[in-house]
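Please go over the structures that come below.
Both complexes shown next keep subunit A, but they swap its partner, so subunit B is in the first and subunit C is in the second.
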Partner chain A sequence: MPLGSVLLAFVVDGLLVGVTGGNPFAAYGALLCGGFGFICTQGENPVLQISNTIVFVIPLITTGVAVALPFRAGLFNIGAEGQLLAGAIACTAIGIKFSSLPSPILLPMVLIGGMVAGALWAGVAGVLKATIGAHEVVTTIMMNYVAQWFLRYLIVGGPLQLAPGTSKSSPIGAGARLATVLPNDNTLIIFGLPSSVYRVHTGLLIALAAAAIFAFLLWRTSLGYEIRAVGQSQKAARYAGVSVRRTIIVTMLIAGAFSGLAGATEIAGVDHNLTDKYFSDSTGFDAIAVALLGLGSGVGIVLAAILFGALHAGGSVMQADANISGNLVFILQALILFSIAANFVGAIRQRIPGLARPPTALPPEMPPAAPMMTEAAVPPVES
Partner chain B sequence: MAHKRLKFLGVAAAVLMVAMACGGSPSGGGGTKQYKIGLVTDIGGLNDKSFNHLAYVGLEKAKSDFGIVDSVTESHSGNDYVPNLTSFASKNYDLVIGVGFLMQEAVGTVSGTFPNIHFAIIDGAGTDSTGKDLQHTNVQSLFFKEQDAGAMVGVISGMLEKQGKAKKNKGVISAVGGVSIPPVNHYIAGYKWAATMEDPGIKVEVGYSNDFTDPAKCQGVAKGQINDGSDILFQVAGGCGLGVLQAAGQAGLYSIGVDADQKAADPSVIASALKKVDVATYTAIQNVVKGQFKSGALTFSIANDGAGYAVDNLTLPADIQAELKTVQDKIKAGTLTPPADIP
Partner chain C sequence: MSDSQAIAVDMRGITKQFPGVLANNQVDFSVTRGEIHALVGENGAGKSTLMNVLYGLVHPDSGEILINGKMVHIGGPRDAIGLGIGMVHQHFMLIPVFSVGENIMLGREPVTGPDFFDRARARAAIAELTKAYGLALDPDARMGDLPVGLQQRAEIVKVLYRGAEILVLDEPTGVLTPQESKELFGVLRDLVKADKTIIFISHKLKEVLEISDRITVMRRGKVVGHLITKDTNEEAIATLMVGRAVLLRVDKAPAKAGEVALKVDNLTANSDQSVPALKGASFELRYGEILGIAGVEGNGQSELMEVIAGTRRASGGQVLLAGRDITTMDANTERDAGVAFIPEDRRGTGLVLGFSIAENSILGRERAPSFSWRHFVLNLIAIRNWALRLVKEFDIRTPSIDVAVRNLSGGNQQKVIVAREIGSNPKVLLAAQPTRGVDIGAIEFIHRQIIKERDNGAAVLLVSAELDEVRSLSDRIAVMYEGKIVSIEPPDAPEERLGLLMTGGGTRAGAA
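Moving on to the complex of A and B:
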């Protein structure tokens, strides 16, 4: 189903390119090159392109998990971005304050610090939801703003500012940094380029572990069972003896920890300091698309993150090579989401004899967006 | 159904082959070398009506003059700077241009990785993560003498005030800066210096919004200055400064735009202080094409037509026009030098 939505989005987007005077094949060729290093025609280095994609994929997996987990509990976590920023801030603050500590001590400190900060940030929304019923969509969005402006305060005139007139923090200590997979060396030539251009860092392992933990937690633990029970019916869960309040709070705490970890790995693995780039960061929002597209499974989230990471990396190459605005990629992302939410593919399938599936075709375990999709998936009975 | 899928695969494969065939462009095998120039915008994008747009204008002019191969990549977030610059460098471009000081650190990093590729950066240098200039020998910094442009609009303001041709004529004009950093203060320094030169009794109020993006903040500062009697307001705060132009417009006063010609931004804009990023971009490309690339700072001013002014929604009296020309010629000749620091 998601594959069909993605294909449909690509077709519609291709038509848009064609109608506006571009060559859709050239556009998608460049996108493939930029995303996966395939069929590069303008001298791009395929390994570099794959490396760039992976760098974008890493935080998308971790924040994707942070959105997908609450989905299963029937909660819509729009606040992954704010939680990511909280994690990035904590990681930077600790990484600067204790910059002289050796890596085996400092690195776990900054990563765990980021997780705790993210968990607290999301926990506020969880507690408000569980106690006074404040809607988590509203509270998490508001917490995003608080995080963004707090970050702005910190590095523009605030205590983390490097120097007057700058909008960045000092760099974190060497011990707080995640190693890159290939050595960060300008003189060592690997795959035809200095090896420091390949920025893939060991945060990749952390992200993959996050996806695995997510799957394990959800399907192999009693907490995961409780989360799913609450997501399907709070009343039924309550009858079964599950504390709905506790589950909501715990779910948000865990989700926030994942987002915070994403922010911490970005600082520790890529940036090494807080900069104004975080004013315009949108990883936590792309994560919503990743979680929806990944159908809330660990593998699905990884695959969806790869798609969105490749789109991000490919957009620049598409503009440089095919001279088609990189904004096309954003249209593509929107179309994919739109197509999933509206379930066009399901509707089309119903109209084509032989392809129609019975309406019970939803997987036995409801996908995360089930509350949004069930109505569309089951066509109304015609009178 | 199975054969339908096969058929689809066949079509897809054919399409892919066509795409590959179309993608392969003929490489220039002529006698003269075709220079490849890559431009990376900051997050403002090509349609920012300011730096990025002007850089593109300069690139296009160079393209038609020198027959270069050009390529532009817009950055959609700060995450894109390093990969976008790296992409051009890894393809052996002859010059990679980064627009704006936001890209300083990225240019510093990538220029270190590719010591044989030439880089140019508008309004900045290639720095490390603490903002220290790495002084790489393959990086050219394109700076501007903003005080030259500030002085020209200062002449206009000072003379209007002195001749009683402004709106309130209380002898007060003002400037709203974004943040108190050198490029902003250069503008204000030239403005204050020239206005005082034309009208020694004038009072020039200076305020800062501490922001470059939120018009509401600049509007607040501007309203305070209007209450103090200012009737010509100079904005030096980028997108935030649009609030200054609007505040002046709402109060029926005059305003002055910055960086690009902001005539269309508000009817109150009587003039704009120009930072000619197009000239700088063009010059940087020209240097590379002529084999005259030099690392370090290249400064653009009135003397090399890299700074200037535009008269906008007001027809200036002949004597002011004449004075503008005189001052401009003197600055060009070096007999008048606007200060870099606010007097």
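Moving on to the complex of A and C:
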């Protein structure tokens, strides 16, 4: 089903390109080149393209997990972006403050610091949901704004601003940085380019570990069982003795920790300081698409993150090579989501005889409105 | 029977295939005008499908329908209503905040001027109908304030108002007290005298024998018997329904009641709507006995069970388990203390429908040492073995333990819950509506399991809306009315007396 939705989105997007006077084949060719390094016609370095894609993929996996886990508990975490920023801020602050510490101490500190910050950021929404029932969609969105504007305050005139007139922080200490996969050396030439241009970093391992932990947690632990039980039927979970409130709070804390980790690896692995790039970062929102497309499974999330990472990386190549606006990539992303949400593929399948899968549910024994009405219609019996 | 022997409904060779199940297989079904014709069969036998075909909700793959001798095509309920067919659903289609009159008129309101509801004409029309059939109803009463029996009466009047000559009643007594059922039967007899035809769907064989003229029995989508009521009996019908001889009476040895297991003292609690539902219930339950709670639904039975099980907070009073106060314990602690709970709403609260049988078999015990390492990592092998054992011991019919319980039949779903709860060897078993909506075969099995549990020394507290079930299983019967236990009766107390107590009559008689 998700594969069909992706294909459908590509077809529609291709039509859009064609109608607006572009060449869809050239566009997708450039996209393939930019995303995966295939069939590059303008002399792009395929390895560099793959490296760029992976850099995008890393935070998408971790934040994808941060959306998918609450989703299993029936919670919609729209706040992965805010949690990511909280993690990035904490990572930067710690990385600057203790910049003289050696890597074996400082690196765990900044990563854990980012996780704690993200967990607290998401925990606010979890606690509010569990205690007063505030809807997590609303609270996490609001927490996004708080994080974004707090970040802006910090590096534009605030305590983390590097120098007046800039909009970035000073860099974190060397010990707080994640190593790149290839040596960070301008003189070493690998695949025809200085090896320092390949930004792919060891955060990849952290992201893959996050996906694995997610899968293990969900399917192999009592907590994961409870998360899934709460997500499917709060009532049944409650009757069985599962504390729904506790599960909601714990789920949001873990999700926030994943998002915060994504923010920390971005700082520690890519940027090394807070910059205005984070004002318009959308990783945490793309994560929603990744989680939905990945069907909430560890492997699925990784695959979906690769797709979206490749789209991001490919967008600029498409603009440069095929002379088609990179913004079409965002349309494509939106179309994929749209197509999943509306289940067009399923609907088309139903319409075509022979392809139609039998409906999974038996026809209702009574009109669907009936149960709702009966619940209201049967009052306490008085005689 | 009326003088005319015309065939009102004649369905011939009706076949309807749903994915994976042949719901109706060459079904022939005919009803004589002016008779009460019972349609019986287990869940999934195809009764509802057949009636939905008649009412136009389902379109058959093949077969023909004749109404009053004329071949008809029924494309939808509108066609059915036009042909004089009316359906009284098991779950009422009423709007509680509307008046009785408004409910009856709904969709066919008499209007004056452009579009003004003509209250006077509506009232006159209802008065005429209620008078003609002896169905006393106040058209101005708010529907939600009426007892269930009168709501059902309003449903019948609604159908008559739309000109129904053939009435289909789907499990009409399911929600009624014995007295209300009697009144309903009186109404049905009057309707037949007025030359109406009635199709009566039920699984309560006693009622079927009491009210019907003829019986059609279905099993697995086929008609397996056409019976004349006065020439048959309960056992014969049950055997046809199930396809094998069924033990209708519950066989059990006398109880060997031991120490007091559960002492409930002046317990009070609120309902979901935050109004007092339990108003000072007190009783004792002993090891090795089954105490059945009889009562009209909504008199605090559900709340009582939930408070004892720890899923609802008590507002006052005490629950003692072998002398230990468990009033404020949560469900988890109570389960550890040996209290097992079969909740009444199996799909809503007893099971996580999307979970597999294996997953559901540990619901609430996912952190128990037998199923998890350090209360955290699930022991999948232990869980599989446990689920396999339950499936075998409790005869859960399923291709595998990995099937989502959503895909099981109602009876098998209930068996999963019963297996999980009884399988943990509880000291006290709380069974709320343990056989609601379950096939006869599965009912028999579940009853035997509950009795076995009692014989093993467990204390069983049973709540059931089926008075017959309470009477046949219980060693003592506690009658509940308006949140209190009004009387403890022996299991052979006459049905009439229980019925009176259930509606508050007995206490009044005792007080006078």
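Simple rule for what comes next: the second predicted complex is superposed on the first by the 360 of 383 C-alpha atoms of A that agree within 3 Å, B and C clash if a C-alpha of one lies under 4 Å from a C-alpha of the other, contacts with A are read in each partner's own complex, and residues count from 1 in each chain.
Everything that follows uses one rule, which is that contacts are C-beta pairs under 8 Å (C-beta built on N, C-alpha and C of every residue); 3 or more make two chains touch, one makes a residue touch a chain.
Because the structure is a prediction, the values reported are computed rather than measured.
Legend: residue contacts after superposition of the two complexes on their common chain; A:Pro171 is shown touching subunit B, with no touch to subunit C.
Of the two partner chains placed by superposition, only subunit B is touched by A:Thr41; subunit C is not. The larger set of touched subunit A residues comes from B, when the choice is between subunit B and subunit C. After overlaying the two complexes on the shared chain, residue contacts for A:Arg238 are found with subunit C alone; subunit B is out of touch. In the superposition on chain A, A:Lys277 makes contact with subunit B only, not with subunit C. Once the two complexes are laid over each other on the shared chain, residue contacts for A:Tyr225 go to subunit C alone; subunit B is not touched. In the superposition on chain A, A:Leu162 contacts subunit B only, with no contact to subunit C.
Touching subunit B in their complex are the following residues of subunit A: 23, 25-26, 28-30, 39, 41-45, 48, 52, 55-56, 156-157, 162-166, 168, 170-171, 186, 193-194, 196-197, 199, 270, 272-273, 275-282, 312-313, 315-317, 319-321, 323, 325-327, 330, 354.
Residue ranges of subunit A in contact with subunit C, taken from their complex: 220-226, 228-229, 232-233, 235-243, 358-360, 362-363, 365-367, 369-371, 373-374, 376-383. Remark: subunit B residues 1, 15-16, 18-20, 22-25, 38, 43, 71-84, 86-88, 90-92, 102, 105, 112-115, 129-131, 179-182, 210 touch subunit A in the complex.
Put simply, subunit C touches subunit A in their complex at residues 18-21, 48, 52, 57-58, 89-96, 143-148, 151, 175, 177, 277, 296-299, 309-311, 330-335, 341, 343, 348-355, 359, 362-364, 366-367, 371-372, 375-378, 380, 503-505.
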